[in-house]
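Sharing a structure below in structure tokens format, with a few things to ask.
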Amino acid sequence: MHRIDRLNELGFELPPPFPALGSYNVVTTAGDQVFVSGLGPLKDGQPVIGVVGDDMTLSDAQDAARMTMLLILASLEQSCGLDNIERCLRLTVYVRAEASFKAHPKVADGASDLLRDLFGPDRLPARSAIGVSSLPMGIPVEIDSIFARQGLTNR
Amino acid sequence: MHRIDRLNELGFELPPPFPALGSYNVVTTAGDQVFVSGLGPLKDGQPVIGVVGDDMTLSDAQDAARMTMLLILASLEQSCGLDNIERCLRLTVYVRAEASFKAHPKVADGASDLLRDLFGPDRLPARSAIGVSSLPMGIPVEIDSIFARQGLTNR
Amino acid sequence: MHRIDRLNELGFELPPPFPALGSYNVVTTAGDQVFVSGLGPLKDGQPVIGVVGDDMTLSDAQDAARMTMLLILASLEQSCGLDNIERCLRLTVYVRAEASFKAHPKVADGASDLLRDLFGPDRLPARSAIGVSSLPMGIPVEIDSIFARQGLTNR
């Protein structure tokens, strides 16, 4: 099944990809690794804003992480085609949170649950979840990631 | 000499590996690179908690970094076997510190000194040390890392 | 044209490389990927200090990012020779900023504009820009990076 069809089956639609906001590429490929720039949540083309644990709940933060992952997938579809992606290798999930926040992994699940459903539970990525004090435009979540193109793993 | 024996000779025992706290793998392998998820310090199976420069001293933070590295090594031993690991390529050490803290590299040495003693001074990794405002569960240090399996370097 | 000559043509001189401040390598190579440790801005061999949006302006922060990139390039020249580097694959730009700061991508442009001018606009890296609460020695910007040696891309 095409990855796009599987996403639709899961109830998701890819958003329009977002252009780079400066001198970088959203996606850069090197050999079999695909590096995706740090992206954040967009709603109707506008950045979602918030501080997790302050003016944003855990549930809303998970939604923001899921929206960010959909934007990552849209960027991959545009640059190399999702059907050419084998799996995600690593996710780094930065959460803009107030200082006492502790549930960063729950926020990150919003993004990686979608990867599990799309690529399968046997192809989960390595992951880091980090709390930071500020992010571009005031977004609550930023995710950078490395994916593998078909053919890398188990070679 | 087996890496485990060398660790014991250095006076260290590997802790039990810690399971993933969500939809990710602790260790993901791609080609010759091994990606390890962000891990933190455990003592008797419980997370160590603290803010470096506030309620945790530099020396305790170095211990926390060393405990984290032992957990990383335990995860590698479980997933692919430490004897199949050639070296660490990159460490990112996130330190949960109060805002005026400046000695992040000293904290990171707690982790990378152990790598030096285990893999040799000619196989040191690249390293970044960063100060952050919050981390999962309130841990003082989180480290993510990339290792090389035997055969990659100097190919 | 040699990369060093191109840099001079752009009006830049490489600073002296800075030694590692602990048990790590400034540059570690694995296969065709070159990992560079997190580096910061130096002026006359001394670290530049500041908090962006507080006691440091956006323009000064961009200069700090550019100085950091020159130090990265100097480290690459020393370790493997800039003419053997094909491109930058990924930049992570950590900005020590006050909590309401939002223009992290503009700071990061200070570093990646230099990469664009040196390697060409068709070889831009993936990039993440993150706001953090503290950095080693009080520097305002830290950048870690992965470069490709000649021969990797489009293979």
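Letters are used for the chains, namely A, B and C, taken in the order the chains are written, and counting of residues starts over at 1 for each.
Criterion: contacts are C-beta pairs under 8 Å (C-beta built on N, C-alpha and C of every residue); 3 or more make two chains touch, one makes a residue touch a chain.
Note that the structure is predicted; figures quoted are calculated from it, not measured.
> Taking shared residue numbers divided by all residue numbers at the interface, is the value for chain B and chain C over half (same) or under half (different)?
Counting shared over all numbers used gives less than one half: different.
> Roughly how big is the turn, in degrees to the nearest 5, that lines up chain A with chain B by CA atoms?
120
> Centroid from C-alpha atoms only, then distance chain B to chain C, rounded to Å. What do you get?
24
> Give the residues of chain C that touch two or more other chains, as numbers and ranges in rising order.
Touching at least two other chains: 92, 132-133.
> List the residues on chain B that touch chain C in their complex, please.
For chain B paired with chain C, touching residues are 32-33, 89-92, 95, 97-106, 108-109, 112-113, 115-116, 124-133, 146, 148, 152-153, 155.
> Under the stated contact criterion, what part of chain A meets chain C in this complex?
So the residues of chain A in touch with chain C come to 20-31, 35-38, 92, 94, 96, 132-138, 142, 144.
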